Amino acid sequence: MVTQKRPSWLAWFWLLVAFLYLFLPLVAMVWSAVTSPRGFYLDAFTDVIAAPKFAETFLFSLRSAVFTILISALLVVPTTYWVQLRMPRMRPVIEFLTVVPLVIPALLMTFGLIRFFNSVRLPNDILLTNSNEGLYVMLLGAYVIISFPFMYRAVDAGMQAVNIRALTEAAQSLGAGWFTILFRVIFPNLLVAVLNGAFITFAIVLGEFTVSSLLNQPAFSPYMLDLSSRQGDQATALGIISFVLTWACIAAIQRLGRGRARVAAV
Amino acid sequence: MASVTTTATTTGSPTPWVRLRSRLSFDWVGLVPFFAFVAVFLIFPALSIVVRALTDSAGNLTLANIAGLTNPVITLAYQNSLLVSLITAVSGSVLGGLLAWAITLGGLPGWIRSAVLSFSGVGANFAGVPLVFAFVALLGRIGLLNQLLKPTGVSIDPQTFLYGFWGLCIVYTYFQVPLMVLIMVPALEGLRKEWREAAENLGATQTQYWRYVAFPILMPAILGSAALLFANAFSTYVTATALLGAIGQTFAVTIVVANQFRTDTFGDPGLGFALAFSMMVVIGLTIALYTWSRRRAERWTRKVE
Amino acid sequence: MTFLELSSLRKEFGAAVAVQDFNLQVEKGEFVSFLGPSGCGKTTVLRMIAGFEKPTRGRIIIDGKDVTALNANKRNIGMVFQQYALFPNMTVADNIQFGLKVAGADGGLRQKRIKDMLGIIHMEQFANRYPHQLSGGQQQRVALARALAIQPQVLLLDEPLSALDAKIRVNLRQEIRSIQRQLGITTIFVTHDQEEALSISDRIVVMNQGVIDQLGTPLDIYNRPQTSFVASFIGSLNVLQAQVVDRSAGRIRIDGQELTTGERIGSEADTVTVAIRPEAVSLNHANGHPNSISAAVDDIYFLGSVVRVRTKLKDQFLNVDMFNNPSMALPARGEQVLLSFAASAAKVL
């Protein structure tokens, strides 16, 4: 195009600057994990993967991620469906509530959770905040809240894309009941959208530090920081693993959504 | 952080039977689980911070907690946090904005655009512990840069450039840039080709086009994004604490809040809540600025038929 | 005197040829439309005149000066775009004075020009509005004023009406034409809407697949289409297959009935294509026309001011348009009718 006269060397220049800034730290991280005074080695990776604490914390975060995704999807999908179909007036309210967690720092949220649940006692007269189960419930609650923005946007966009109203009315006119509609029509059509929200939630929960650390839960990220003061290269190896996992999740979303990833990732 | 335009609602007007039923029935019951969950895990906890910030331990209304914020440790932490947030909002906006420009209007090949966008998705979420590892590996005492510079005799002092104010700025900018890219790319793509052509047609040079047309049109989007970046940096806790460790226990507001909350470092529980409340106010103001500029941007680009 | 001259213009995009062998001479003050289906190259020609595209070959001359190599911002050509090309961050007044401002004109002149232009488009009271506060039609009028404010040598209009409602479209095109007459500005108007082109142009360039199919006045184009493309693109037309009976006398046969055409038949083939405008045929009304054929009424369509009767000969259909008139007696479906028309109305393509 003639109007695109600006020489693109400027574009190349800024791309190069950004590239150096964004990639040098990653390169350095990989370099530091695979070099030692003796030369190239992969011991940091093999050692850290073999460490029992790694499996323990990683599985803890993995399990938490799965629970978070399940609870989040079970809350968000029917609610979004209901709002789109029956209560469009509530839409702005839901949208607002699902955006709030983006701007409230996890730190403050945890702070508030502890303060709020501090007075709750379990049946066996133990303070909720003093029992491990209680803390785990709070952790999951916080994670689900954190996942709402991503899950809601993905599901909402997914529902608009498949025109949920027409699907429902078609199913109704064919004589389907509510249960059939929800589980045989709506959920299968939303699978991609829910997966979209699931991957980003997975990435966030795996890397999450604040909530788990403040609630004293044995999660992956606090372990990584803890390890760094003792076994720097192993911690760095964990950092690389965590980065690769994040990238894999985002790549999966982009493969699924083509463009909706932007929605999910921000 | 929020950056996404809500897609237009396609829900049409409800069919007659739906309208009738919703007037008579208990449709709202369907929303109870969601609202209950949000109330228990988000709204009540947030309110409890506000309430405790404005009352004493006996539950009487007081401003003493807020007054306690003048504690020099806190004001210094605030100064650091606000400055770091401001600097990285600007650095992230500039670098991210230029990168977004390069991949949209800069005439680079299409695969670079999609590669940068997909990296930005990762980078914006790549905060926290691993990010600190990466920068320590680059700028640390025995980091890559110092190893490379060894033959020249120059060395970078990590105490100046990593474990302190400038270190925070450098590390924060890392996740600010991709966030800015994700927000600015749609805005830049919203610049209509016709505007450039109309300007050119009316005799404007490239510089005049950018000065009078493109830049003013982008201004609300840039301002809004910068506000978002500011809030993002201001609420960052993990990166700060992981980078500064034991030496920076009072450096940033978030670190002070977290420590107060773990161990009551000030010996005044109310002060912790006042501090948390003040953070909510700062973030609230920033988000208000973001919303305002976003409205403006949307108003300009809205179609009128 | 030729004011704008395009000679042997050619434009290639990669391997695709968008425009070729394009020659046109436009008089000063003339209003010329480029008409054709989308993708025919009309917009590409316009963009070459504006300077947004560089011709692969050929020259563009304005007022005796070759501008082919000149940048768009040095050409002093006004352009109105299809839609939303007003700068959204500026008021109506700022939009209008933009061209003068970047050229460094002084404030007094700018204010005067704003006032004049707002007067021309009858929008004096809208000077301080923003584009998003205007309707589509108002936006396009401001876009026109902005393009005219720099007192361009040539005005280019790139489908300026296609995004507007039908009613506004008709009003605005009349307004554009009257402003153009008033200022005497040489104008090129690109459209895919034949009614638009026919109603306001001095001359029309009908384009198809990158070449000029026909160049002429609206009357010429409508009544004497030179190619079957022009014939089928302009107006509605009955296109029928006919057998040649007598080449020199122009006699043909359609579905067994003999007819006389206006001229001798040049084609060597035994079967030719004949075009007849529906409004050239009258129903059950001989009028002394030499051609009268019988047909059966197949269906009747009411189109407002016009009633279209579709008749069937033997295998082929022939539409007849009549003005709607309250006292008109319409034939019934299936009824046998007599179709009459002048010899010159039947054109062998």
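In order of appearance the chains are A, B and C, and numbering begins at 1 in each one.
As a working rule, contacts are C-beta pairs under 8 Å (C-beta built on N, C-alpha and C of every residue); 3 or more make two chains touch, one makes a residue touch a chain.
Fair warning: this is a prediction, and the values are worked out from it, not measured in the lab.
With chains reduced to the mean position of their C-alpha atoms, the one farthest from chain C is A. Chain closest to the overall centre, judged by the mean of its C-alpha atoms against the mean of all protein C-alpha atoms: B. Chain pair with the highest count of contacting C-beta pairs: A-B.
Between the Cα centres of chain A and chain B there is a gap of 17 Å.
Centre to centre, using the average C-alpha position, chain B and chain C are separated by 54 Å. A straight line joining the Cα centres of chain A and chain C is 57 Å long.
Among all residues of chain A, those that touch two or more other chains are 3. Multi-chain contact residues of chain C (touching two or more other chains): 51-52, 72.
The residues of chain B that reach two or more other chains are 197, 200, listed in rising order. Across the interface of their complex, chain B is touched by residues 50-52, 71-79, 81-90, 98-99, 101-103, 130-136, 139, 143, 146-147, 150, 163 of chain C.
Listing the residues of chain B that touch chain C in their complex gives 192, 194-195, 197-205, 208, 212-213, 216-217, 219, 299-305. Contacts from chain A toward chain B in the complex involve residues 3-6, 8, 10-12, 14-15, 17-18, 21-22, 24-29, 31-33, 75-76, 78-79, 82-88, 90-91, 94-95, 97, 99-109, 111-116, 138, 141-142, 144-145, 148-149, 153, 156-157, 160, 163, 165, 169, 200, 203-204, 207, 209-210, 214, 221, 224-225, 228-229, 235-236, 238-240, 242-243, 246-247, 250-251, 253-254, 261-266. Within the complex, the chain B residues that touch chain A are 1-4, 6-7, 9-12, 14-15, 18, 22, 27-28, 30-31, 33-34, 37-38, 40-42, 44-49, 52, 95, 98-99, 101-103, 105-108, 112, 116-131, 133-135, 137-138, 143-145, 173-174, 177-179, 182-183, 186, 193, 196-197, 200, 206, 231, 235-238, 242, 245, 254, 257-258, 261-262, 272-273, 276, 279-280, 283, 287.
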